[in-house]
Amino acid sequence: MSLRYLLGRVAGMLGTLVGVAVVVFVVLRALPGDTITAKLGTQAATLTADQRAALRHFYGLDSSPVTQFFRWFGGLLHGDLGVSMDTGVPVTHLIGDALPVTLELAVLAMVIAVPVGVLFGMLAASRPGAVRDLSVQGVGLLGLAVPEFVVATVTVAWLASAFAYTPSAGTYVSIGDSFGGNLRQMLYPALVLAIGLAATVMRTTRSAYLEAAGSDFVRTARGKGVTEARVRFRHILHNAGIPIVTMVGIQFGYLLGGTLVVEQVFALPGLGRLLLDGILHQDYAIVQGVTLLVAAAFVVVNFGVDVVYRLLDPRTRSEGRRA
Amino acid sequence: MTRAATLVAPAPRTAGQPSLPRRIVADRNGLIGVVLVGLLVVVAVVSLVHLGQDPLAQNRTGQLAGPSGAHWLGTDQFGRDIAARVAAGVFASLRVALVSVGMATIVGGLLGVLSGFAGGVLDAVVGRCTDVLFAFPATLLALALVAALGHGWFNTAIAIAVVYTPIFVRVARGPVLTVRESEYVKAGRVLGFSRSRLLFRHVLPNVGAPIAVQVALALSWAILTEAGLSFLGLGTQPPSPSLGLMVSDARNFFPDAWWTLLFPALAVVVAVVGLNMVGDGLRNALDPRRS
Amino acid sequence: MTVLRIEDLHTVVRSRGRDLPVVRGVSLDVDAGEIVGLVGESGSGKSFTALSVLGLLPEGARVTSGRILVDGEDLVALRERDRRTRRGSTVAMIYQDPMTALNPLMTVGAQIAEGLRAHGIRGPEAKRRTLAAIEEVGLPKPDRIARSYPHRLSGGQRQRVVIASALALRPRVLIADEPTTALDVTIQQQILALVDELRTEHDLAVLWITHDLGVVARIAARVAVMYAGRVAEQAGTRELFAAPQHPYSAALLASIPSPTDTERGPLPQIGGAPPDLAALPAGCPFEPRCAYREDRCATGEPEPVHRGGSDTACFVPRERWGVRGDAMEEPA
Amino acid sequence: MIEVTDLVRHYRTGDGVVRAVDGVTFSVAEGETLGLVGESGCGKSTTAKLLVALERADGGALSVGGIDVRTARGPHLRQLRRTIQLVFQDPYASLNPRRRIAATLAEVLTVHRLARGGTVAGRVADLLDMVGLPGSVADRYPHQLSGGQRQRVGIARALAVEPRVLVLDEPVSALDVSVRAEVMNLLASLRASLGLTYVFISHDLGMVRHLCDRIAVMYLGKIVETGGWRDVSDEPLHPYTRSLHDAVPVADPAVESGRAHRTLRGEVPDPAAPPSGCRFHPRCPIAEDACRTDEPVLTVRGDRAVACHLV
């Protein structure tokens, strides 16, 4: 991988991040229009013109949108995401508390989903059209189609009735507090997340495996008398691995912004809950902060995936053309 | 099986190709998908029109009643008929899905085709914009937009449309690049065909297939997203019937009043599975290697 | 000495719910140190014949009857596990497209060594033989080539690697499936010379599949011409090119411009198209296109007979054909 | 009919500038057929694209039927389209899969206003007849035709504008052996009946020898030898032409066994970094010191021309 490529890619990523900031600013600051109305609710109507002007000046709303953007963006560069209007706590602190929960959930879900998805994808692809293929595909489709909120709801209800365990009743236990207690809280939500994820991984694995299995080099390997197991793992799965790794990386990025429903139902204080509370309380600093962070994380993860992709594939790893 | 068959030289065929709907139905997945989606719509129409229950009518005496002759799918905590509410919810979902995917297909598809065909500055600008939108995880972007735009089905539709537009840009652009470099388009250039003729008569008809497949898949995703947003209280607002809201309400009565959760959930699953399979059927029907 | 003997091979492909006969009773011998050209157009069944020998038929295709003997052992009768151990060690194959025949994620050396390891050769011995195999096919700096990934090599170099890998275990039979079709003529020339040299050196029996009669004329001692899943004619190369005994081989040969013509008139052409394998005619499959057909050609399929130094599946002896030019339909 | 002088086409790629066509000069008289021969990467297909203005040259002069191809715009470009047409190698890829043959041919006629209303169908039938296809083909889609039939349709489409020149880019390479003769015969008879001028591009010396009046051999973006068909194919002068001649297998074992199969060493170098001096010198069996430093120019010898210091 050439340095030139890497630099170009980093520059592109930075450009995208600036674009992300612009979109977040436009969508969340320009569209709702009036932070004051949002903050004071119905009381805003009782403000005099002078009070309103003073408040607008206090929040910097009287300057031009461009000025506002650069002031806000300047703050971002210093790690200042603003202050929650509801509680007065800096958004960075709130995110700092919520992020580990979401990260743990995402990692746990991936750890469960990836092996399951890859194994079943291979199983399905080993005999396309056979009973095993159709049943794995059918289950996979259900895994994608049954909404997460249904699975989560049913799981919570089942936990409550079968184990008299109500996740939402207790308080959150971090890994630092108690590893076992934490795992007990996190395992079920992670499982719920893992269902859809495993289905996606399975589908990608299946199609990538089938594609690789049809390659000429697989026939070459068989023609050398290589054992079937080695053909499957060393040749087919290895080549199918590149799209699988890419997809898993992207899914991980998605997961950072996609744990919302599960966090809500299982009452876990993660980024999703934070975001949802921000939206429901019209606390835009929080919504902005979380959206920006997750989008930025997503961009960085995608960049990482791209780099890993290029490292995995000798065709893009090295410079020059001929030996 | 098909792999071996391709090694045999195909005999020249004389019959014309069957029409697209026929080919979708000829595919096993496509047939199941069409049947599922059709069934859902028919059942919804029948239960709304024929049974004549008002999805909003409350009934103080018959709350949380199980399925019965009067209420086929039971009633909810306000004694409202679940069958009627699910049917109305299905239509609400489909309305959001169709409007949002329609907007995304037209805007995204057009931008994708134009930027792919024209290349140059337009392509670069459109490419950067889609990159930025792609930087947001889909759910997050929809959520942020709903937060900004406010509730209501149309705002939900707009939010979903914005999320799906860049996807349609990419889905349309890729095949346009391939077709643009195809020999039959080059032949058209050598024959002196105008750019608009090449675009509309030669490129567009040959990039419809992947877009059509994506439309089916996008519809299923839009239904899931709409339901999810409603579940979180960010989509359709009560008392309007919505599948996501119904599941959310049912949480408090599950598993005792299981019907309050099962039927709306089932409606979502059937719609999503059905549309996915229609998508598979379309993909197979439009795959030139299979025809 | 006959190394490869194919006896009455029948192979079918499952397509749209029915079995399509793609190889219909092919019999063929290849001696040690001999190159036999297997010639045919697309759909003639030449590739299916080759893949049947290797036991590498694609899914949906299978051998229904016949024997494939290598040094007297019938490969068709073997269990799949034993069949695998014969691939690479007894029968090896080289392929049409060197760009896709190698795994892009493995070094060339690893891919050659893999074949050795599959047959129990490991460690330093595998490494030594890998480098020897690369050197044998005329590639410079074997250790550097061994460490290279395929995308770093040119088409000709890759084809040499494929050959090195195929011959690393000293197989008795080499199946060459149009290995020069994707290459430029000067590179084709190099590969033809290389295979010819290795054939002599190792006393290899080579079955060379091609549609290019020029390549056959250059390297094959004998030729089998396939049409619609059968061998239409089989003979020594010189005999076949000098006096083809089957109207199809004659027509094929005549349709190629001769490099010695001084007058350039229209080329004799065959007209029509090969039959649909799903709806074969009752008689000789070439009958509808044949200029010398007689009544019985439409009713019975001719079995090969020995005539004029050839084994030809034709009822009508060459003497009854008339003048050569009449064979073919007059061009428009 | 065609005048090409010092034609240049460079592509910028990640590996540097590829000199696909690097100073090519030739001319083709009306009614004449020129064969362009060479291996992959020699620039013969790029030359074809430049001739029909599918790509624009980066340098040199190029005129077809008196039209300056490099600057042709508007009505001149239109005139050029009606003067020179291209037949593609792959008859599978060069026809729009979603249009019937009749629509494909009629479109050309209507765009160039060569037929209107009721006369279109008749003209389409004429074109099909001209290339030896039955009228029933008009209602078919490309995938319902055989390779040979498709290539005939490709030829008919090019002929629809009544051009004076056809550029044939490997028109028979993708076809089965027995079909090649049919298409070659068709090309020869069309040339005779319509008085066409051909530029026939191929890697197959045998086919070129059969159809062409003159042959130009290309190597790495340059013409190394030109001359009459018998001179170039039977008595080549340039060492590359000779190697090519030796390398092409001939379908006659008697000839093959009597030939010296000198194998050309090495492979075609990277066109982004062509060798110094004569581009062929690293592979040339007779190269001398001068060949490594001085680039030979195409020098006329009688009615042929060679770019070599040593012949």
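The chains carry the letters A, B, C and D, assigned in the order they are written, with residues numbered from 1 in each.
We adopt the following convention: contacts are C-beta pairs under 8 Å (C-beta built on N, C-alpha and C of every residue); 3 or more make two chains touch, one makes a residue touch a chain.
Just so we're on the same page, UniProt names per chain: A, B = ABC transporter permease; C, D = ABC transporter ATP-binding protein.
No experiment lies behind these values; they were computed from the predicted model shown.
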| item | value |
| --- | --- |
| Closest chain to global C-alpha mean, per-chain Cα centroids | B |
| Chain pair, A-B or A-C, that carries the greater number of C-beta contacts | A-B |
| Inter-chain centre distance, chain A (ABC transporter permease) versus chain C - centres from mean C-alpha coordinates, in Å | 54 |
| Mean-CA-position distance for chain B (ABC transporter permease) and chain A (ABC transporter permease) (Å) | 22 |
| Whole-Å gap between the CA centroids of chain A (ABC transporter permease) and chain D | 54 |
| Of all residues in chain B (ABC transporter permease), the ones touching two or more other chains | 1, 3, 12 |
| In chain C, residues with contacts to at least two other chains | 42, 154, 157, 273 |
| Residues of chain D touching at least two other chains | 146 |
| In the complex, chain A (ABC transporter permease) residues that touch chain C | 215-217, 219-228, 230, 234-235, 238-239, 312-315, 318, 320-323 |
| For the chain C and chain A (ABC transporter permease) complex, residues of the former touching the latter | 54, 56, 84-89, 92-93, 95, 97, 100-106, 111, 114-115, 118-119, 144-145, 148-149, 151-154, 157, 162, 165-166 |
| Residues on chain B (ABC transporter permease) engaged by chain A (ABC transporter permease) in the complex (per definition of touch) | 1, 3, 128-129, 131-133, 135-140, 143-149, 220, 224, 227-228, 231-234, 244, 247-248, 250-251, 254-255, 261, 265, 268-269, 272-273, 276-277 |
| Contact footprint of chain D on chain B (ABC transporter permease) as seen in their complex | 12-14, 16-17, 182-184, 186-187, 189-194, 197, 201-202, 205-206, 288, 291 |
| Chain B (ABC transporter permease) partner contacts - residues on chain D that touch it in the complex | 52-54, 77-78, 81-82, 85-86, 88, 90, 93-98, 107-108, 111-112, 140-141, 143-146, 149, 154, 157, 160-161 |
